[in-house]
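Next come two complexes built around subunit A: one with subunit B, the other with subunit C.
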Partner chain A sequence: MRKQNRFGGRFVIGLVFLFLYLPIFLLIVFSFNAGDSSAVWQGFSLKWYASLFENRLVMESLATTLLVSLLATAIATVAGTFAAIGIYSLTKKWRDPILVVNDVPMMNADIVTGVSLCLFFVAFFNGWHGFAEWFNSVQHAITLPEQLHLGLVTLILAHVCFNIPYVILNVAPKLRQMDKNLVDAAQDLGCTWMQAFFKVILPEIKPGIVSGALIAFTMSVDDFVISYFTAGSSTQTLAMAIYGMTKKRVTPVVNAVSTLMFLAVLVVLVINNIREMRQEKMAEKRASFEPVKPNPFIESIREKLATPQGRVFRRVTAAVLCVAFVATVGLLTAFTTSVPVVNVCSWGEYIDESLIDQFEEEYGVRVNYQTAESNEAMYSLLKSGGADYDVIVPSDYMISQLIEEGMLEELDYGQIPNYSQIDDRFKDLPCDPENRYTVPYTWGTVGIIYNAAVVDEEIDSWSVLFDDTYAGQVLLINNSRDAIGVALKYLGYSMNTTDPDEINEAFELIADANARGVYQGKVMDEIFQTMEGGNAAIAFYYAGDYLSMVENQADGVDLRFVIPKEGSNWFVDAMCVLKDAPHYENAMKWINFIASKECNLANMDYIWYASPNAEALEEYPAYYEELYGEELDEETYEIMAAPEDVLERCEMYVCLPQEARTLYNDLWIKLGI
Partner chain B sequence: MSKELIRLSNCVMSYDDEIVLDHIDLSIQDKEFLTLLGPSGCGKTTTLRIIGGFLTPTSGDVLFDGHRINDVPPHKRMVNTVFQRYALFPHLNVFENVAFGLRMGQTVVEQEGGSEIRRKVKIPEAEIHQRVMEMLEIVNLRGFEKRPVTALSGGQQQRVAIARALVNRPKVLLLDEPLGALDMRLRKDMQQELKRIQQEMEITFIYVTHDQEEALAMSDTVVVMDGGRIQQVGSPEDIYNEPRNAFVADFIGESNIIDGVMRADCVVEIFNRRFQCLDKGFEKDEPVDVVIRPEDVDIVSEAEGQLKGTVTSVTFKGVHYDTIVDFYGFKWLIQTTDFCPEGSRIGIKIDPDGFHVMKKSQYSGMFGDYSSYSEEYDEINDPTLLDEEEEDAADEE
Partner chain C sequence: MKNKRSLFAIPYVVWMALFVVIPIVIMLVYSLTTAASDAGEGLHLTFENFTGMFDYVTVFGRSFWLAIIATVVCLLIGYPVSYLMAKEGPGFQRVAMALIMLPMWINFLLRTYAWMSILENNGLLNQLFQKIGLISLYNHITGSDVEYFQMIRTPGAVVLGMVYNYLPFMILPIYSVLCKMDNSLIEAAQDLGAGAGEVFRRVTLPLSLPGVLSGVTMVFVPSVSTFAISRLLGGGTSMMLGDLIENQFLGGAYNPHLGAAISMVMMVIVLICMLVMNHFGEGEEQAVML
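So, the complex of A and B:
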């Protein structure tokens, strides 16, 4: 009976550990996969690791992560150590409550810490803005920057802030163990307090400081949530970069970088645990007055170090380490903040990344390339004041909204000669009728994507989104404008209607279908992985993205695209520059560069979205043939660049008045899921 | 020996509402061995820490060689301390522990334009080495200099602590219960050794202990403290033979303390009987406390006795028997080499010099009855109890 129980216990422990470690194990295994599948093993290869080192996004964010972690750890270690000493010089009455207060930030949800820090910084920036304006107006000797933004500095401050409690937590027990008389003894023997600190306290609590620093460092490297809220728009840590990379699909590159991160943290933790175990042993021996047998090797080193030459050696080593630290931090700083720059915010997988390198080489301007999830998400980020982008790539309706709110800067078309190559169809757009703010980036349509392996019929109507035929297999786009828009179209109304009854009717259609369980979920970029894997049958999304899904679709999945007979939305995404953009000149260079025929061809090939550059659009089939040695499928080309008759069925969004926008928002929140 | 080195004048120490030192006046002579003796919480450690500079008195003055040093920090005082449980630096070996103070440099006083200028001067390595080795010689630790201090026994650590303090050639050495953590035998050895070192080096020792035997054995002067006040200052003999009040009488050695009345000079009445004594100068019929040391009592046959009682317990102590005798409901401790069986009736005789008459004080009636003999003994000999309380007091800083 007993034996069986024990077996049962072991079995449960085994299961628990399997559950804990199997996912990580799989991740590590698949980081060595020769193919790009996350499910099928196709042989051993190190190519993903190799491509890691060529991936500029990864390398840059790695540099940022190291810089932030090193600096934050250093600052937090010093601050935390002194704080712990301060706490220990208080009376018991105060000390214990303060130590409890110290625990709270560690237990606190990261998201709360992150949001509150973000709020704090933005509030401070607002206050600073007022002060700097006043200060600059009363004197002219010193000009203070009036606009501050979230960035590297706030990121480091945030990391320092959440690291300090960990340092205190590790240093405090060492202080408790320390004989209180040691400091008195040192002062008695002629030390000032500071000398006593360096000569006696520091060596005694050093183990606690080191493990505090190690833990702070791993916490910094690991952190995603707090960084996400405090890094602003132009800075990105490794964790944030990985998150950005997984938005569309988990590529083996992500596996590789995650594996490396896991191993790095593991190594630090193992080192820390070994150290702690050794010290516990020493402490036990000390407590039992058992003579500690000196390790002859360590003793011989210690003796050598105690000689005058040894002391010189120690000082030299310490100096070298300090210089190395400063140099590392300096180099990383130079790497992450080398000027000049241009901050670009676009959508996920919406550029051929080699173009960024090309631009940087040609113009010597570094590009901070960030991505946002949707027009709405970007809009709220801009509104919160947390962004310092120069160039953004919003869609048409968002452009008119931004213009209306005075958030865009007029472009200097004199610096953008390539604008002349833009097809006339994409000039004089309703959102920018006088061509003052925009240079079109791509254009395309929205249509139904379905898996023909599951769906037998030819689909030609939005009705499949609302009836029960494919209940539980339909993905709804998580974007009120698009979702309600197609419902309006299906009902025969304009997508731009401002009639609340029509909008409500369209919404009821969705809400009703939702109540009946038609929708599997509300998605944005997750749609790629779901559709490619055949995990949903029907969705509607952008034509260009459909083509990239087809490229990656799993075996047995047969994706098709259709623009329903009721008509649909067609859109233009255009490059704009934000008001008060910190790098206006560089932004002009970037826009002109991207508007060129060569860039448009490269982008069109890479992201499958149609180019607004007239020559590029026309030449693309030839470009494709030259590149791949085969003819471009006519149908594919028409999906990319919808022909005139299809576009006639489609409508372009215009900016809705405020009441309608509020109604959209309220309805969308009501929908839930 | 007669020159005054340290003076505490009207020193008060209080935390919040609690008064730890209550107007202390104390004069400490150069080169003397002075012991602060008292139970836990009596203020002896606080007094020591005020002299060491770790505490500043709430009011009153601390004078060193005639200069006020209230605000001089510890590292600028010509005083060194041996701490409770040694406070050796665990990360340094024996040599480096002892050399610690020397490496901090030596204070040199220079006269410049009429004002004194003090500055720290580095001591050459060769001199440090020589002085440390000399000191290790004195404390019998030659050959241990490379050992980590964590690898030493308690007694050896104690010696390192003493060497570490003395190597700086302080004018005064403060010792805070230095032998508390040692076992009985080692303690006796170290007592002698400390006395020897003090005489050899000719410096002032201020020694804190709760152990009266230790105090009597080593000191030139004993200061008995209780409740933040000095109860008596004197040589060990004075303190033992002429205790000023019931507390001192009880704390120093064993005593039977009996309510009595002075009927005339040299005549004291206890248990309604008059006895010859040597004490004079009291009012007629003044109520007094009478101390009779257990060894000053002779046991005689019941018929010959000045007082008659019943033996209630006998404990063999080696040299003598601790005999508890009930006289009219009051239990006496008598130390005698004569064995009297439990339950036997006996008489006692006391010579006139066996009576010590004291004025009544706040301590009257609190001590002297041996009906609870064993408990009291335990309390005095329980060092752990004392340590904890001392630490709490230190925490209050």
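So, the complex of A and C:
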């Protein structure tokens, strides 16, 4: 009877584990995929593991993640445990409000916590700047650094900040469960408070501490938004790197990293468990009637620590640990500031990473390469003062917005001789009509992507997005500007119209189709796996990304790309320098380097987006043939780099005035409601 | 002696004042001002951001409703699992606990992409249903002609995503309370003639309530403010508060003032929910509220 119960219980637990591990299993399988897709299997390969160790961005961000998560968890666990003990011994009148405030970081949306912490740190730095200036001017014995930056320290502080509440929430129930008289009894029997803590409280609340620490660590590893706003311009965690990739595609390299992490933890777990089981058995054998002795080594340390000399030792150790921590952080900052650097913020998977190493070798300048999720995410971070990048790579409409708000610095084209190689088509752009701020990085078009295995006709109009023929099979882009822009184009208006009536009309077209169930959903980068797997028939997205989808499509899926006859959007992403960039000279070197023909060819091959460098664009088919030993399909090349007659139909976005932007946003939210 | 212990609370109170209260005050100021004050036109306090919020009532309603469902499902799964785990041997418990957290150390986006490929129209589950004939059976019974079950991009998928993500947060606190529970109390109840059901209802459950309250808090609170789950698994069809707020910060219009205001309102409502729940918990014997 008992045994049967236990079996039933294990069955239930097993089911829950199946639920928890099914996606993990899939994810591990796809780390061995030969293709780029995380949904379509293309054969077994170890290439992601091979490229993993050369991938500096991923490896560095992994190291940062582990450092930050472990430190923050350790600090939060100790601090949270003591705080919980302290709070719990307060009277109810005091305890309750404190616990409410404790819950606040959990209740707040992550992004609000992130932005508010960022604003707080920046305000503090400004205050510090004033103080340090004054302090340095009145005395000369100590020089305080005048400029503080967001970085590892603020990142760890932010993580501790959102971790502590979880520790407290886990420890508090154990404290409640504990018999309060136990501590008093221990102390009556002559224990010091510390002894009472280690011998009585700690064993009682240990499960709570452990689960609190586990949750804290988990939150730390997984956090993206708060890190993004507090990490500054030279620190990046793995989660930030992964979200940064979503502007294009998340590479299976991160699947490979995750698999290795997963296996490492699993191995540690198994070893630990075997060891403990062996110890338990030995203890059982030795004295089955005696209670299991605590580890004598730890016990002896504990006893030594309780003596007066031990107290000195304890304090010295604590001091040494503190100094070591501060020194590590200090050294890290000193190290990163003493080498000449350039801070670059771009999109994930938007550069052939070997170019970064090449630049560093050639110029002796370290590149801190960060990735943002979108133009808007980057803008938001810049507005909060959370980053001091040198070079950014925004898209056209964002460039004009940044110029309008005075956030960009003019470039010194004298230091960028390679600018002359940029094709004239990409000069005098509407976003930078006088060529003062930009060096184009890539360009491309937006078009309809459809699965010819499902769609029988040749599509040539945006109308398929709005009529019922393919209801439930259409994916809408989850971005108000692009979605409404396409509808405007279909109606024959300009994509840059500021006329509220025209915008409303375009929106009604989408809302009406939405109400009729034409759209399966709104997607961004999820479009890759959805279209590759043949889960939807029609979508619209960027030409370069279409080429990457075709490479990875499943059997029986036949993706096509077309720029509709009504015309579409074409875009340019360009390198710009932010106002007051701390490393202006290095930024010029970087921009010049990237604008070269060689870099453009490498990038074009890596990211499938067309290059603005005239020679690189022209020579790419030859370059491709030399590299892969086969001819580049002309159709592919024309999709990548749309010919002149197609571009004539297309329109480039300019920055809309604030009222229009608000209207777009409000309409978009209305669609979601 | 007691006073000495409460001193431990002081550093944390200072910490909270710095890193919780001040940022909240900053956001409160944001929520009471508009972009005009950013432009240096002085600080104009206004309730504009709050009065416009009635447009979003459905989003508030949906967020809380889905979060409540997710919390209840988590509780229904999490409590029995914690209970069963606590009955196992210590070796099993150690491993099980680590195994419950392990999936969460893998990035959220990757796990969600994996869920997407399970739930898609041509995804693993639909293929499985096809193979075992569930879909043709369904067509046979209802007389319909579907090729797949629409699972992804539905509110159900959003709830699934929440349950998947936050279930460990329900299991851990309940488990840590259950496994340290005094077994003699249960034996005493049995000796006094209580049946298994009664023991559970009158001894185990009330004693484990603090853990349940912690678990419910840790599931419900992040579920309400989640974003990305609704975007990825819900396909943007069921916008949640988290998305709404995110949209104000990371959308084209960039209006952190409105975002802050929505967040403030959300926080107050969550706070009220928690107080009501804790009040309800307090009524139970032995369970001291949070």
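By our rule, the second predicted complex is superposed on the first by the 386 of 673 C-alpha atoms of A that agree within 3 Å, B and C clash if a C-alpha of one lies under 4 Å from a C-alpha of the other, contacts with A are read in each partner's own complex, and residues count from 1 in each chain.
Operating definition for what follows: contacts are C-beta pairs under 8 Å (C-beta built on N, C-alpha and C of every residue); 3 or more make two chains touch, one makes a residue touch a chain.
Fair warning: this is a prediction, and the values are worked out from it, not measured in the lab.
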Partner chain in contact with A:200 - subunit B first, subunit C second, else both or neither: first
Of subunit B and subunit C, the chain that contacts the larger number of subunit A residues: C
Partner chain(s) touched by A:192 [first = subunit B, second = subunit C, both, neither]: first
Subunit B versus subunit C as contact partner of A:669, first or second or both or neither: second
Partner chain in contact with A:12 - subunit B first, subunit C second, else both or neither: second
First, second, both or neither for A:125, with subunit B first and subunit C second: neither
First (subunit B), second (subunit C), both or neither touched by A:184: both
Set intersection of subunit A contacts, subunit C complex versus subunit B complex: 184, 187, 204
In the complex, subunit A residues that touch subunit B: 91-92, 179-182, 184-192, 195, 199-200, 203-204, 285-286, 289, 291-294, 303, 306, 308
Touching residues on subunit A, where the partner in the complex is subunit C: 6, 9-10, 12-13, 16-17, 19-24, 26-27, 30, 38-39, 79, 82-83, 85-87, 89-90, 94, 98-113, 115-117, 119-120, 123, 157, 161, 164, 166, 169-170, 172-174, 176-177, 184, 187, 193, 204, 207-208, 210-211, 214-215, 217-218, 221-222, 224, 238-239, 242-243, 246, 250, 254-255, 258, 261-262, 265-266, 269, 272-273, 276-277, 280, 373-374, 376-377, 379-380, 383, 472, 476, 478, 480-481, 520-524, 526, 529-530, 533-536, 658, 661-662, 664-666, 668-670, 672-673
Interfacial residue positions of subunit B with respect to subunit A in the complex: 52-54, 73-75, 79-81, 83-85, 87-91, 93, 96, 100-101, 104-105, 107, 120, 125, 146, 148, 150-154, 164-165, 168, 394-396
In the complex with subunit A, residue positions of subunit C that touch it: 1-2, 4-13, 15-16, 19-24, 26-27, 35, 55-56, 58-59, 77, 80-81, 84-85, 87-88, 90-91, 94-118, 120-124, 150, 152-153, 164, 167-169, 172-173, 175-177, 179-181, 207, 210-211, 213-214, 217-218, 221-222, 224-225, 227, 231-232, 234-237, 239, 241-247, 249-256, 259-260, 263, 266-267, 270-271, 274, 288, 290
